[in-house]
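Next come two complexes, and both contain subunit A; in the first it sits with subunit B, in the second with subunit C.
Take a look at the complex of A and B:
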């Protein structure tokens, strides 16, 4: 229990770990997936994986929006920026993600106008300030981020800003969870549910996990104690042979979610019939598309993107790590040709990517 | 990017100021920025309320205690600097000079 003492609630933490030890049947190997990259980050930062019994395995899920974006989409976005009239804007997390022809940062250094923004509304503002340019926002993110893009599109329409468009790559967490549950090589016992996505979608939509697939799911906060308590609650449900949706993060996540945000999503977006995810392949109805009413601001239509598929570099095992089949350090490139300085895959770039989290908080420390 | 930043509403802006974006001035560790508050309009935000901020938008109203906890977890995760950078990066009109 090396790290426990640095926690504020170290006594409570110790107690929670003890209860986890009591609840976990030593003859069973438990596999619990934390869906959200923020949780992965927290788990490695605090060494939580080392505090719980070794037969309770934490599997890292697909909840890092940069990581699940397939390389084809990245390159397609970057191709839009080949047009000298275009200013491509993207979140900071995207800037170092490698595409086949280089990351946004590399292409920026080669002269393409690619800029980092912190908010989609700032992209719209940029378009207003540069009427002779075409500003394209490279939108990524789950249900947490999609309402911000939706509102920005609504504003573009309201204000009649014509030199702005969105390259939409918003994805949905529930179809990804379903795909993982349907995947034959994946045996999971329960889920630590995402925190901030749930402030938007609420807890109700997770019911299928508990009812149809009979797996416990506990929506969790990000503090060490939150995550440990969620593990405890999952183990308790398993012991009592229950499968329910529980909200451990009730102090932030309302059961019903954010209705205004949900209405906005419905107003601006519709479901794509298919979308490609890195590692998980094509998943039906798993991503958002800009509705016809707003098609004027849809960069895919404005720039006629082709819908290309690119395969990852051969030795890279991002897909397996994203599915939870491999641990980051089991990838052949980990720490060798793939490291945060020279990332081969997106999982090594974003702080929520499992490889970067493991590299910074476990690997580097043990190497020193 | 999924870890939201807690901030306190200092001042509400009139609807027509931006124009047609409902914004509020929020403060996080003495840095002030304008953010969009339309996603929480049903919760009737007002000065003194704490909110969770994500990509320039208030996503949910939270308690002061939760806000403090969230700030602490950000700093424990070593993400506090990045969060402040993000906040300072929002370009929706700089802090009003008083």
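Take a look at the complex of A and C:
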């Protein structure tokens, strides 16, 4: 398969690993954060963590959209679906995420009309087909998915579809990276930078990581060779005492980003003054809000959400895992009361969640 | 693990939840030596002859998809459960639950498909039942078929006979059926020239039994829950490790592509015309060659080996030395595919 097989080529992978072994100074313990949940998934899916030198530690970052969503927001979304007139739509990733009263899937089994969609436009189509229903799209994701939501809102306006609204939970990656860099309990040497997000925002916005915090950051693809090459490039920068933004994922990520998508975001959204993140707490200007012009389609206004805050179950340490302070298996609940079938936290649900990726793909704890 | 409060779609997916439903509810109430192995078919011995008995329900949506339809699936799925139990399929019973309002043309079409499939699989439809439910309370039609067959002499399928070093043999590419049905629903705008692999397996399994029945130790067809789920059940039952080499597993480009885009693991996707067997290592190559010479078995391959560790787990190895554990299917990414 084109664009896949080339990046899983065993010969090249072996060669890259050899170069990494040569570059890594055995007397140094490197801590590299992969920001994206997609990278975390690939690392475990392809067993990359076990192939690199043991002094190169990979720390899982916060780039998993359903994982960073606090439980209060999930419950508010589900509360909207209590109205028998409502069809709540969400991406597949959301369906098994536990709220306080159960996951969307559990509530669906109990008779609420909750449906999975692959695109917010499908949700808008559903509204068109069911004029007597209120169709709500539970929007989640970083800059990757936000442009599609923006486009859908524009279409709703253009087509004059009134029985549609968006429960907006879009968040931004840069404030999260900054929060991690500012966190006192976090020592990092470099970043494997987000791939999908960067297709939209480009590479330029990461300059502060390299310039102000003096950390190398390499925007990376998701195949084994992509991730290994990014690790190699970070180690090379460290060896040469450099801190630069590099784009390893040039086949998809333009340096300047996707102007059309960025314009869409600007047209439809504005910054929230603050937003709550699971594990990271409240972060200023870290999420998107629907602009006044489109407020008619804002589910928060239409259904009068309360802005509730719920704390995670006490024993769960999702926050620590999300910040990279704990490894998934170091959480007290991991594999016991929290497992993919009965997840306590979202990190055990999403394929991009570090806990699920670890639970599904790693069979020896000692491998890490 | 505790049971869920209500039935969820995942209980029907053939993965962990299905297994729990069967073990904690059905097996708990109905325990007996015939049921206990939780195999594809019950083996009943009477007067030195072994009979295999199995039953399966079909709720696939949509009713027809490229390369097949529910009527055909209802025959092949059931005769294959007999075949992987080492039994020659002989007779089928079929029960139809029809929804008022279903077009007569569709019903006739599906009965014809069933008759055609039965002929192709050399079984007769010896009986059955029809029931009709109110409009809106079925989904067009559901079928349950029960199959009856004769276990071939010399066959001894028992996970406890599996030893370290035994080879894992797969009959051909996996995942065609699951992805075909998913795409046929039209919910995802993806196109592929893919059709279901639904077919009777006995023509491939019978020659293997003729060659050396005792060298076949375990067999399953990777339907719901895919190859990952049946291999996990094997690993769980034998207490050994199941090591498979990912690059050796035949998967069509279309299936791989759809899985990449949708974030699915091809190892979790159903096939309706493949089987996987654990065979004696000395006979493995002979079996593979035998299958390769049978039409439809050209892509059969040895994909792995039974190892002493990690106990009870399925692990894939890649050519560059990476490894990962393959878990059973959790949840249900593709409900109602058969």
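Assume the second predicted complex is superposed on the first by the 354 of 368 C-alpha atoms of A that agree within 3 Å, B and C clash if a C-alpha of one lies under 4 Å from a C-alpha of the other, contacts with A are read in each partner's own complex, and residues count from 1 in each chain.
The rule is short, and it goes like this: a contact is a pair of C-beta atoms (placed from the backbone, for glycine too) under 8 Å apart; a residue touches a chain by one contact, two chains touch by 3 or more.
Everything quoted here is computed from the prediction, not taken from an experiment.
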Superposed partners subunit B and subunit C on subunit A - clash or fit: clash
First (subunit B), second (subunit C), both or neither touched by A:244: neither
Contacts of A:45 with subunit B and subunit C, given as first, second, both or neither: both
First, second, both or neither for A:109, with subunit B first and subunit C second: second
First, second, both or neither for A:118, with subunit B first and subunit C second: both
Contacts of A:83 with subunit B and subunit C, given as first, second, both or neither: neither
First, second, both or neither for A:63, with subunit B first and subunit C second: first
Winner by number of subunit A residues touched, once subunit B and subunit C are compared: B
Which superposed partner A:75 touches (first subunit B, second subunit C, both, neither): neither
Among 22-30, 166-174 or 256-264 on subunit C, the segment whose C-alpha atoms clash with subunit B after superposition: 256-264
Subunit C-contacting residues of subunit A that also contact subunit B: 8, 45-46, 92, 118, 122, 351
Contact set on subunit A toward subunit C in their complex: 1, 4, 8, 10, 13-14, 17, 44-48, 50-51, 92, 95-96, 105-106, 109-110, 118, 122, 224, 339-342, 351, 359-364
Complex contacts: residues of subunit C adjacent to subunit A: 1-2, 4-10, 16-17, 187-188, 253, 256-257, 260, 263, 310, 313, 315, 318-327, 330-331, 333
Subunit A contact footprint on subunit B (complex, rising order): 1-4, 20-21, 36, 38-42, 52, 54-57, 59-60, 62-63, 66, 69, 72-73, 76-79, 82, 86-87, 89-92
Subunit A residues touching subunit B - in the complex, by the definition given at the top: 8, 36-38, 41-42, 45-46, 63-66, 91-93, 116-122, 125, 141-142, 144-145, 147-148, 151, 155, 158-159, 194, 196-197, 199-200, 222-223, 251-252, 254, 258-261, 264, 350-352
